[in-house]
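In the two assemblies presented below, subunit A is common to both, partnered first by subunit B and then by subunit C.
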Partner chain A sequence: MTPARPRKGTSWAVVFGQELRDLWMGGRGLVLSFAFSCLLSVIAFLVATNKALNFLEQREAVNLTLQVAIAVGTLLALLAAADAVSGERERGTLESLLLTPVSRFEITVGKLLATLSLWFAAFIITVPYAWFLGRGISIVGETILIGLVVGTVLAIFVASLGILISVFAASNRVSLSLGLFALLALYTPTQLPSSAQKGWAGELLLRVNPLTAGEHYVGKVIASSHSWSEDLAWLISPFVAAVVFAAAASILGARFIRLRGGVAG
Partner chain B sequence: MTRIRLASVVVLATVLVLGATAAARGADGSSSLSVTVDRSQIATKLGQKFVFRSTITNSGSTAVGGLIAHLNVLSFRGNVYVDPEDWSSNRVRYLAPIPAGGSTTITWHMEAVNAGSFAVYVTVLSHELAPTAGPTVTVAITQRRTLNSGGILPLALGIPALLGLITLGLRLRRAGYFARGRSRAADVG
Partner chain C sequence: MTTPAVEAHGVGKRYGSLVALADLTFAVQPGEVLGVLGPNGAGKTTAIRVLTTILPAGSGSFSVAGVPHTRPTDIRRRIGVLPESAGYPDRQQGQEYLRYHARLYGHSRASARAVARTLLEEVGLADRAGSLISTYSRGMRQRLGIARALVNDPGVVFLDEPTLGLDPAGQRQVLGNVRRIASERGAAVLLCTHLLAEVEENCSRVLILNHGRVLAEGTVAEITRRAAAPRSGRLHVAPEHVERATTVLVGSRAVEDVQRTDGRPGALTVVFASGVNLDGASMNEAVRILVEANVPLVSFELEGARLSDAFLAMTEVV
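Entry: the complex of A and B
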């Protein structure tokens, strides 16, 4: 008896379900989530107990924790995405995947959505920490909502970037290295001295870079008590990057996923 | 004759410059600028943000330009270290010229960084004018613990422990540990 052929248009859901099983039942997702929770525990413990940090306003403590959660949560999504195609290729399972009656576009979409599950797991792990650090000053709801919105947008951007790299990378090692390098490069502007960040060129760099713009917006709403609409312009680049890179990953993935990595061939 | 003309021009120019400066300083040599603040006392808690406004008034007969307003913070007690940069990220303001009889108001956004009693004041100066300080705003900041650190430990240990147990359980299940246990139990039965 042959397995039922998935209905046209729902094949991505089959790929998504299979990828979720591989990621979570295979244990990789749980190990990464465990490491993430250890990191967040250390950060939350230091914020709450270290005397040097304890003078921080409560909002700043919540903001610091949320920003770390978004940065590391998107990193987890990137790690899974960078392995999505090049990993299958190296493990020798890409051929059988390409032989299934599922279009390459749907394969890419299913894989992209599955990698985002790591971000959502990281976000769920963050909620109790945000609740503990933010209780008593009525920012827990706001923190959770803004973390979900901005973090998801950034995770879509980063995961799409990871998929793109994975499609074209010649090996899984190259894919993971390039993905990590790209993410570190995107976070570099946060290390600029504050005087450089305040000039027009520095601010432009922060605004154009989706990661720094998103983190800046979160900081303004959580730490500086700005309203959601006050700095909305900072969210333009994260949203544009998420849409453009998700579209690019889906379209280019459909066109260029093949058994051998690289652009040619 | 030319020397006399040149000397006259120099004297005239000097008189004009001194006159303008004197007009800004006032007839008795004091500055025609004054600085006032909208409050003299502020009471707040550690970590809170607060705002006050200072108004710089030019009571002279000519406009004054090139003014710089500077915000200063100091502790009334000697044992408290104060870094004014932590208190306000924008402590220097370059002002537009203030016309004769006019004034300008500056809003200062600050954050209470240390607990204790502090003096905050604004100074106005320019290349030509000596600094003019405004009245002191006394800021009383009460200590507070921003977080109850005691409760974090169960959370910080509990969540990784829970995830670690789930991961371990899944690994054991995949390794067939539970299945072997069941089959042994069936054999014994």
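Entry: the complex of A and C
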């Protein structure tokens, strides 16, 4: 019998489909999304009812909700990505996958796309909250569109970073720890005093860092009522980071996915 | 002459200064079961990983299912592998797991479903097809792994310790599957194992590795004859014939010494002379002498003629 031959360039879709099933039917995606919706409910409730918070303008309330959605949604994508290779390695399922004729590039792409589903789920969960908090003002449509674009770009960047860490990490625990550390480090500039953020060095830091730049752009458009095209320069680093890291994850993943983790050998 | 299913010439692999595999040269024909033996760290798993293209070879060349090592993707398309300590996704069903792997080999959804159903029946898991793998016993997982190795109808199947950790019933089921792969599918099977009795019963030929090098290759009979020349035999005669049996055996050029076995009336241990060829007819010499001397023989058992003796003799020497 002539061996079956995968249609060129379609195996990533098979890997993607199975990864999606494992993520969502296996329950991990559902649990994380449920936890996210609980968090968002608490924030929305406080914003709408708490005396200190409900003086926020509607725009600010919507902005706050969207910022939380992007931060947590990208975190969820990172968690899934950091487990994608190192987790399979530790569970002993990676070898069987590598023994198939599917290229490692397609394996990486399928896994990367599946991890992004967690961000999309987080975004879909956010939509009704944003609509509720922004009802009566005209920014809801714009908010949803901008949140989708910026959040997706940042999720691609963060998930690709997670995949890269997972490919090279010596263990799954190391991979998850490094991923979380990297994400926290990227959010560190948001904790700088506002005076430091306004200096040239602070602004450079915010612009170069894809996460802070993306969130800054969202804040400008939604909370400060800028037009979407006014601050586009802030999206340069998120887009560049997404493209560079996605390419690096796919190419280096294809080159370096091995049975043993670590950077040696 | 048929093309060998696997053909390796001088294949080597190093991890830094450690030689994991050196000058691996052998061939396997379609339908043959080759037992790959060796102590821990002998290079068995490395050999399988190199031949299955998971690891690149450091030197040498090989072909698998007629495909040269320079085309690893094409090799992977034609082989089935049950890796050592293979893991399984606990949250998938057995049938889902097989369908997924069949699709990775290019089967359509419908074809993958049919392949999964057929293979689950073949390995005796049809009634557990819809169960989560987490509920499978170790033996069932191994059989599922064998089924997965067959989703692409491979020409060569590599099985690395398929019976490790299984109870005797589980071992029998897995080995039954192994024999059928060779006899019914006509695939070549490379069976890595520590269980020598398993090899004696199931393998047409044996390859013994140690420290990454081939120590011996051949049929079980050839290996035992070549490596662990039988040194003694245990025979049992009626107690009243012990003296006579001892006398005639000592007089033979093939026998160096005869000793009574303590505590067993009529039991003698015959030590054969070193350097005497003890295959076939030569071994019968001792029996012939006894028969001609009218000594009724109750039993005769050659010691040191099993694969385990050969294996120990070879691997302890190096």
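Criterion: the second predicted complex is superposed on the first by the 260 of 265 C-alpha atoms of A that agree within 3 Å, B and C clash if a C-alpha of one lies under 4 Å from a C-alpha of the other, contacts with A are read in each partner's own complex, and residues count from 1 in each chain.
By our rule, a residue touches a chain if its C-beta (ideal position, glycine included) is under 8 Å from a C-beta of that chain, and two chains touch if they have at least 3 such contacts.
The structure presented is a predicted model; accordingly, all values stated were derived computationally and were not measured.
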{"item": "First (subunit B), second (subunit C), both or neither touched by A:Phe45", "value": "first"}
{"item": "Contacts of A:Met25 with subunit B and subunit C, given as first, second, both or neither", "value": "both"}
{"item": "Touching partner for A:Ser33 - first (subunit B), second (subunit C), both, neither", "value": "first"}
{"item": "First (subunit B), second (subunit C), both or neither touched by A:Pro128", "value": "first"}
{"item": "Which of subunit B and subunit C A:Thr188 touches, first, second, both or neither", "value": "neither"}
{"item": "Common interface positions of subunit A, toward subunit B and toward subunit C", "value": "25, 27"}
{"item": "Residues of subunit A defined as touching subunit C within the complex", "value": "1, 3-7, 11, 14-15, 18, 21-22, 25-27, 91-93, 95-103, 259, 265"}
{"item": "Parts of subunit A lying in touch with subunit B, wherever the complex brings them together", "value": "25, 27, 30-31, 33-34, 37-38, 40-42, 44-45, 47-49, 54-58, 60-61, 125, 128-129, 132-133"}
{"item": "Complex interface listing, subunit C residues touching subunit A", "value": "15-16, 49, 52, 54-55, 73-74, 76-79, 81, 83, 85-89, 91-92, 96, 100-107, 111, 148, 152-154"}
{"item": "Footprint of subunit A on subunit B - complex, ascending", "value": "46-48, 111, 113, 145-149, 151-153, 155-157, 159-160, 163-164, 166-167, 170-171, 174"}
